[in-house]
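Submitted below is the structure of interest, expressed as structure tokens.
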């Protein structure tokens, strides 16, 4: 079906693709959202929130193992028949468009706010769409390699964020456990929303050359993302305290404005310049996944026409990203997108398992 | 070049179209008829010499030697081939046994004849004459003898001008391909070192030698190199640059994908790492394929100096490359979009310096950039001594005049000259050219969108680099598909006795390069 | 023989050319004025009041850089008077060295009284002069123009630099209209009237205090800063400036703050019978600069909507006040909308549009405000 | 086909980048302020006192002049508006070029404004994305504008002098330095900010103590000695010079001074019933600068001990005096200890801790530990 050599990635690269599609501009707003719900115990709910992505990885991997050699679209068509299957795929693509337009819009807002205050938002968004199309058009191997190098770069950058811990006040996270189980649970749910991106595994499962290592790769990826989220939330809690966190739109970026580095007076500009790659990364990965499943759905030959599918997807993301009124409405939409992640991340695999169980293994192709 | 699937593979005759108009007739026995046949091809050339002589004995046998002047070693011909034939060869069995014994006699007597072959038909006879091989024709024998005694003047081996090193060898390649192969053979006495020769170019028939170590190099890569070279259906090549442009993967990319060097001691380690070296006749620059990006930032003396020093120098080269590409662009972005990023007093001194300058920052930087590039070009084109002085003089005077005339602020001249110096700090000349080109789009992006444009440009170039492949090997290899074991030799160079394995990014057969010399002092 | 004749002719041409160089002027002989001020000559001013036909004289004051190295002062101000601007320039050779080239003047300040008498015939020298570019910035000074040029200035090289900083591209910095010579000419078309920024000398510095309203080329009124803002919004000049808002609900202040807003305009015109009504839609887009501490956007939903409606209603109130002032006091169309009427019913309105057209026209204003982003804080 | 589409993309991209450099501002057309001062406009000082009516605010700024041969090296500009951002918005009418707010290093607050509350004033700085949150704050007795307009001969402008005095001042003296971030964080429940106090004495600007704040309103001033104990009690690692006199029944045994650097504090809080009691231990490390000529440490070994005890005792009494003043006069927790209560029972005491009656009935004991590290080169 697909020539194995040219368009497959190793399981190590899969780790970076999954992390790449999870961590985007949302990591900066995470401390505010979680501490809004769970107060001082935000860090507990971050750890708890990681359960949902773990579950999702486990389910998707189980699904892939049950039907090896089958792409995500083939699976859907096989299990649910022609029209129900394609409806599911179109729903998946629609979810990706909606979610990625929010991710791209919030990153464009950050760039607009910090680096280019007077440039209209449409121009900043155009840059990001062009980078989505350019990176996606190079194929999955290059995408994986890029994700790998951007991951190491990103981890280096996140270490810069730890500098202001010197001004921290440890009483900000005491007393532990006072937010109560309900608060922590609500906080865990919001964290789960920011893990959205694990469902890229649905499409990339069939692109990995050694299928048996996918489970290990997926779990490692979610662990690393949880660690990074944990570091970010704890630092922000220590430095700002819950009361102040609610007041700051992007606590992650405000961290850099707190301490005075002797030579480079303003760390956050440098940070943002290097974060450009990481900001658009979830849109690139998910956009590629959506365009791949779209081209498989329309049964067009991937090699040549994938770029056009990608252009269509990128254009849709561009237009959808321009719709929200301003940043505050984007944050409101963020919760709805979170529900979308729950449906796609957990619902789809469960549905597939059910159908596969009922089918008892024979496909209607 | 990207292998465009050809409709039909090039057939042999399609390639030798030029030989077609020489009829493929069998050579007649009589000498005069042979000469008659040869006349239309060689009479017009002043430098083809026909030397007729008699073989000693009665009756005397007439013979003719045909060779190109100054291409063959005239002494060997006279002393070791003609003299013995003329004087002391017993004629009787000559005629009877045909040309077979004749080769024996010549072989015994003319000690320096390297290769002797028999030629039967006219077209290959004419071709061998023009290949610079001596021809012996005898009256009464239909076979003709071709003796390969190349000679003639050629440059002697001396230091390659472009790639000087303090501690490395002083030998550089010269134009003769067999001397070059000898230089490598002397350094690499491995029996597995294979030297294959093909001819490229229908009219120039330049010899291209492909060297690789049989049990190390990956057969797929070797095969790919050979295919791409054989696919070169071109009239003639005069330099290895031609070959480079034909066999590289993405010709439209800014970054060089084939490593070229004049120093044998640079190519031998690459052979040991499993790469294929291509030496082209008449050019001292040999090519090494597949090439990685990090390779262009490494210099040979990194391996001769001690570890700490060479690691330090190599890190400085990486800094130089980043500065060369991004310094002017970030100067423009900082000064026209985010001046608040600079510390306060630096900011005030910058804007004080720029108050008098009428142009916006980007015009000022572009003017200085173009002036300095032209100064460098002028320096190259002039003969050596004048070139140096032109470079220095114009650099200083132009800069000073621009400042006093308030056409440019002193800072922009400092920044542009620092980035130019960094460009020339890079060891590989092909990377120097590509860095000079990359700088311009980065400046344009910085001028229109500030730091955001700069980071967008960086992402696009990073994607382009990561998507490049050289002979199927990922171009940005130890960094993009991160190979941790290779990182020992990328940014820094670990101790020689620690590098036990060959680099993983170049596919090779036996990865074991050396036993662990010296006991691990754990 | 023929060749020799050609040679002779060439020699002749060469000689003639050597003698010529009519247009050659050495650059260091030329005076390049940075800023110019036109005022009514004192005598002329008094004369104007009692008999109309008395010749009115123009004062031309110019700031010129001193090029000589060791000149003590860096800039000098030269004054000449003449019947018109060109004539005033003509008096220059009697008092100043070198040839005067008015092309490079960046700033032209016109005294209030001179503006009152109509500028078209005074600016003939500017319109007609081929050398003078049409990008000079104009401003009207309250009182005499040369008073502003002569103000001692310690913080800047010369008053010209200061004025250039304030007047050039002033729409990008605040609600200050920037009028160039080109604008002045274009805005005298049918149904159009030019406006110019108004500057006043306050504590040793010139400050923008509003806008001068023109009827064709005569200044007829002044508008203060808040009126200028609504004038520019109504006139559709794209500008960005700071707009303050205070949200009061039955007496107590809910929120106070300010927004950096930039504007766009759409005009719809309908006609029933012979009374025409315009609908001007002003679209404001702004970034929140600050608002009172304590209230978070994420917590109370309608705060953003309240701010938007508050600013919209404030701006609308100001616009209606300005429109009524325009219709009663100025009685000319200084918000550039009758051109739409002329565009729709050209023939008919062509001549009527400039006499009492604007007074009996009904103008509606709609203001939409969109808060683009709220800075770094929620 | 793909090539053509790519071409379209590139053209669109080029048109955008060439047509609009929206954010382009030439650096020499931008005016960078060195220092800013926020004051209440004269007209609304009376109204602000009884905190009704809409106070107008003055923003005075020092901007260095960039052109070479200009008479004065810097210019002072003042604009008024309903809030600081609005005052900044009035700048285009009277100062050329664009104004970049984020560069000022020190912000001086007038006393009236500080007393009226500065939450709304600081909001424009906090909300601006281009503005770093590391500006230093100080309160000036009288109007901040007069501090900026004070004549300054031996520095390029008042901004340099103030930056030198206030930036990281706790490393050089017992003056606390407050950045915008620290002010923001100390508005949380249970915490109160403090700021250095500047006074203009015969044309010279000096730091004369600390301004005590209750959330964002200034309620009191502490002189230099009190601010020393305030800094020690608050646990700021400050260092400075402390004199000592050892008296034994009337006559002076030894007199000298020690360079003390306070190494933080430990707070032990225990609660019986609803009565809270604190034990603050302050750790001091010092090196002797000088003391009376004829004594040396080898002959009388206990001199070392006596100096340590003497300094510990002096500091302890100062601190107790300050705590007493805090509980009686300021009635606000300016030594940052209530956060330990919140650390234990945050929900319960969240809004009690800032009520006025809370700080008085805390019983706070102080213990000072002094260690004389070295005595310099002499014995």
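Just a few scattered comments:
Letters A, B, C and D name the chains as they come in the text, with residue numbers starting at 1 for each one.
Just so it is clear, a contact is a pair of C-beta atoms (placed from the backbone, for glycine too) under 8 Å apart; a residue touches a chain by one contact, two chains touch by 3 or more.
Remember, it's a predicted structure, so these values are computed and weren't measured experimentally.
If you tally contacting C-beta pairs for each pair of chains, C-D comes out on top. Our note on geometry: chain A versus chain C, Cα centroid distance of 52 Å, whole angstroms.
Centroid to centroid, with C-alpha atoms defining each point, chain A and chain B lie 47 Å apart.
In whole angstrom, the spacing between the mean C-alpha positions of chain B and chain C is 66. Residue positions 337-338, 340, 344, 449-450 of chain B each touch two or more of the other chains.
Residue positions of chain C with contacts to 2 or more other chains are 374-377. Among the residues of chain A, those touching two or more other chains are numbered 113, 116-119, 247, 254, 265-266.
Pairs of chains meeting the touch criterion are A-B, A-C, A-D, B-D, C-D. Interface residues of chain A facing chain D in the complex, by the touch rule stated above, are 40, 113-114, 116-120, 123, 126, 130, 133, 137, 167, 169, 171, 174-175, 178, 239-241, 243-244, 247, 254, 257-260, 265-266, 307-308, 311.
Across the complex, chain B is touched by residues 13, 111, 115-116, 119, 124, 127, 131, 134-135, 138-139, 142, 144-146, 148-149, 152, 263-266, 269-270, 272-274, 276-277, 280 of chain A. Against chain B, in their complex, chain D makes its touches with residues 17-18, 21, 23-28, 30, 32, 34, 64, 66-68, 100, 102-103, 105, 130. Residues 240, 287, 296-299, 304, 370-378 of chain C touch chain A in their complex. Against chain A, the residues of chain D that register as touching in their complex are 2, 5, 9, 12-13, 16, 20, 22-23, 129-130, 132-134, 179, 181-182, 184-185, 187-189, 339-340, 342-347.
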